[in-house]
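Here the structure is laid out as structure tokens; the discussion comes afterwards.
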Amino acid sequence: MPTDKTLSLAEAMTRYVRDGQTVAMEGFGHLVPTAAAHEIIRQGVTGLTLARMTGDTLVDQLLAAGCVTKLISSFVGNSSAGSLHELRRRIEHHDPEPLEFEEYSHGGMVARYAAGAAKLPFAPIRSYTGSDLVALNPQIKSVTDPYGGGEIHVVPALNPDVSIIHAQRADRAGNVQAWGMLGVQQEVAFAGGSVIVTVEEVVDDDVVRSDPNRTIVPSHVVDAVVVCPRGAHPAPVQGYYDRDDRFQREWSERARDAAALRAWIDRHIRGTEDHAGFIASLGEGYWDRLEIDEQLSTPVDYGRRR
Amino acid sequence: MTDTTSSELLAVTAARELARRRVVFAGHGLPTLAVSLAQRTVSPEIEIVYESGVTGAHPVDLPQSIADSMLVTGAECVLGMPQLFSYVLQGRRIDVGFLGAAQIDRYGGLNSSIIGDWAKPKARLPGSGGAIEVMANAGEIFVVMRRHTARTFVEELDFCTSPSPRRAREAGGGVQPHGKGVTRVITDLGIMARDGIDDELELVAVHPGVTAEQVRAATGWDLKVADDLAELAPPSGDELRLLREELDPNRIYLR
Amino acid sequence: MPTDKTLSLAEAMTRYVRDGQTVAMEGFGHLVPTAAAHEIIRQGVTGLTLARMTGDTLVDQLLAAGCVTKLISSFVGNSSAGSLHELRRRIEHHDPEPLEFEEYSHGGMVARYAAGAAKLPFAPIRSYTGSDLVALNPQIKSVTDPYGGGEIHVVPALNPDVSIIHAQRADRAGNVQAWGMLGVQQEVAFAGGSVIVTVEEVVDDDVVRSDPNRTIVPSHVVDAVVVCPRGAHPAPVQGYYDRDDRFQREWSERARDAAALRAWIDRHIRGTEDHAGFIASLGEGYWDRLEIDEQLSTPVDYGRRR
Amino acid sequence: MTDTTSSELLAVTAARELARRRVVFAGHGLPTLAVSLAQRTVSPEIEIVYESGVTGAHPVDLPQSIADSMLVTGAECVLGMPQLFSYVLQGRRIDVGFLGAAQIDRYGGLNSSIIGDWAKPKARLPGSGGAIEVMANAGEIFVVMRRHTARTFVEELDFCTSPSPRRAREAGGGVQPHGKGVTRVITDLGIMARDGIDDELELVAVHPGVTAEQVRAATGWDLKVADDLAELAPPSGDELRLLREELDPNRIYLR
């Protein structure tokens, strides 16, 4: 008799996300929790420390909307599509204000989340010797290998107050299933104090239970399940829709102009009720380009006792 | 097939350098294209590993980014990032890693983080991504630079993101890199190579029509030139046809 | 144009397993590489350091056959089916000779393999404070948390010379797919110097490539793929056959008598050509009891670009 | 329903103690049965996590071991052991862990490794398995002992496999346990309980017909007895019917 954890996006954010918290939003170019970021903007949350390995439009939007005072990240370009100009204005010109930036490499961020998930104080890593990142970030420390291997760098565990991920599907209890590129979705969920999962669809228990190896996060870790179709746009969702490259490229252009960027946020995010409203605001027929065809996996046999 | 573009030249040159390499870690852009070309020409057994965790990709189209979900469809394997970074990369499964950078120094140290002052930089670049791990853990590193200039090939990096093995040795106090660091830098002017920890990048080959002096002038340090400086064979008709007609007909990376 | 890595079981063992090596054979009550252990016995390999989290009939057999001088493990009972009497004779009575035993907890062994896979010198773990295991095993050490959390225990990486696992299927290049309980199959493979995978079946590339998230070990990590149906017996293989509980219980009885145990090994292992011969030696109709019915997973959509 | 067996008594008693618990880590044997019974009686929302990585199991049959592949069929999730040990167990997701042992001491320290001398023991037992991690990381520990004797409830453990929090504090030099250690010991004679780090196990309840003196005589130390020592209600007809007819009709665990 599992608990039904489904909430609306607005309810989930109201209940779990507070001003000043450390919020991790992960998804490595895939399964990005964009809709959740938009809702944070709609609710006017402020003072967040945002943890996100890969800076992208989501980060630029949260910065421009004034939600974020500190960023923890390992990459702040906009994939192959250009720069994040709002982020650059904050860092290069302190415009409209400085941005505190705690910087790692991808390997360091992955290790931080994994240590957080495992409630370990730190994780050793073979990186960083000779990198200026060590001087820039005093959180990168080292320990002595007690087996005689000398010094090795370590990074501290990252345990966000709230972890937010997107996935293909979940049941109502919060067993989350995902496929395609999985990034650190599992680690960031286990590392989080509260865990919000937005999904393309909520499915019957039977669907989840037909393939338990597909579950990347078990229900006892999840606080809220939010049905949010197209919730990762402009990132893709394997089997659901394609990456919106045009949007990414246009963003890099648009964000060069701080006023234009803010007008866009006012219109498309603050000016819409919810994520369905956001998608509608992109215009009639916008989604056609992102539709994909079906290619199903071959089922595997789990077997049952005679 | 005249009018070879600089991108085509780079892709062909990088592909040829991949002969006899087995497992390659490729970032988006030209490296992806170069590995695809190598698979079709000099190194059929080569396998690409993407930062997004995909191994053994068989994309029907050229992927638009390393996180293109179409890379997964029909791939042999997709790993989570902990597995990718800890087990594959740090686990020393990568023979060649491709990296880009805004600045490179004579020992192959790379800056992809900051131009100017750290606290209030002139330009904030994307940062490491996985570059620090690729540099430290791949057997060797290939760097592809679209434009060879003295602003890019610098005497001193504004910020050292991914250190050369020599710099790592000087810094001490941590695990030393597994691999050789940068062994090839492929630019629009030619190829620079180095091998041992104390070796500087040395100009070993130039594209047709380029002189050693031209390359030295476009380099911010006193660039060594190999005694047996070679001239690179221009892209063959076959290589160009593969690139233009089969691998990147929409010129996504051949811009 | 991938390499074909399929070998016969005898070829794979001859090529990769040598006297005196450290060999890890993993599978946590499921996907146990039993057939590979039998082949090691047939080939008369000696002086092995055997790494295996869960002692079971496979361990007792390798000990009785004189293959093993040292054991690295975290559990040396025979699941719920009783004791491993050969192991107990070795440890309690040094009969026929002592057994060096390097002992951890399951968490410690898991951490050792994960560190080995990641080529880290050690892994921190929140266990062991106050346990006598620390006095028994000097390899359990500690480091000081540089973030102020005090001392924390660490275990050393485990990098076996050879890692052997069983799985449901692989392609000829060595992309290994498995489902059901996955234990440490992925970690031990990545940690191994050489990697041998026995599988219930080799499948077409298309089958593997229809579901890349099902691949737990990519081809570039694998040295040999061995087709070996029923290769995990008496352990189960999800979707292929059931656990042979009767065999496990009978083993505990049989192994009480050192001579009877050796006679059994001579007849069923040394007296058979290969694993098919071993299965045949169990008797006509033996397998009927272990057959299971089909229960397929619901396919997922990977999608393709239009 | 007379002739309650000792196994039935233990299963029913353990199940009742699971009221209001949420996530339980169950080893094979009686704990599995006790949790299944609790699910059907006092704690419908309870979820079992197995050492083999299965969570949210819905087995059609009683599993024959924690690694029974039939536990996976129809389960909600199956995790690898690194995830199970690092993220679930060490990640403090478990409210109650069940452990067995050959010896227990007054603070709830457990021996599952060695009887007699370490170097050449009288009996070599299975060892820790995951017991050390369960003890250190679960919120609290329930121990079920089929036979309450002075050889099992000892003044001093021959070997301390899984230390009590008190022993961990005395040892120092490492991470202290997250949970309370053993809070309930359920035996064929009754229930012992403790709570704080310096609390000893105290006899809080006896099965019908058992006296406190009987339990003290079967305990290797001077066992404390609660002032308000309770007598346990015998298994109800409903509980016995569920156990015998639905949960374990083949008496796999009810031996």
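Labels for the chains are A, B, C and D, by order of writing; each one numbers its residues from 1.
Rule of thumb we're sticking to: a residue touches a chain if its C-beta (ideal position, glycine included) is under 8 Å from a C-beta of that chain, and two chains touch if they have at least 3 such contacts.
Note that this is a predicted model, so its numbers are computed, not measured.
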| item | value |
| --- | --- |
| Mutual neighbours - chains that touch subunit A and subunit D alike | C |
| Where subunit A and subunit B are represented by their mean Cα positions, the distance between them in whole Å | 28 |
| Centre-to-centre distance between subunit D and subunit B (centres being mean Cα positions), rounded to whole Å | 57 |
| Centroid distance [mean C-alpha coordinates] between subunit C and subunit A, Å | 36 |
| Touching two or more other chains - residues of subunit D | 54, 69-70, 72-74, 78, 86, 90, 178 |
| Junction residues of subunit C, two or more chains touched | 114, 119-120, 125-126, 142, 149, 152, 179-180, 182, 186-187, 210, 213, 238, 242, 295, 302-305 |
| Chains that touch, pairwise | A-B, A-C, A-D, B-C, C-D |
| Subunit C to subunit B touching residues, read off their complex | 1-3, 114, 117-120, 171, 173, 175, 186-187, 190, 205, 208-210, 212-213, 215, 217-221, 302-305 |
| Residues on subunit A engaged by subunit C in the complex (per definition of touch) | 119-126, 141-147, 149, 152, 154, 156, 168, 177, 179-180, 182, 207, 210-211, 213-214, 238-240, 242, 291-306 |
| Contacting residues of subunit D [partner subunit A, same complex] | 22-23, 44-45, 47, 49, 54-56, 58, 60-61, 69-70, 72-79, 83, 86-88, 90-93, 178 |
| Contacting residues of subunit C [partner subunit D, same complex] | 28-30, 54-55, 73-77, 79-80, 87-88, 91-94, 103-108, 110-111, 114, 125-133, 136, 142, 149-153, 179-187, 235-238, 242-243, 245, 295 |
| Residue numbers on subunit D that touch subunit C, as the complex places them | 28-29, 51-54, 64-74, 78, 80-82, 85-86, 89-90, 109, 113, 118, 120-133, 136-137, 159-164, 167-178 |
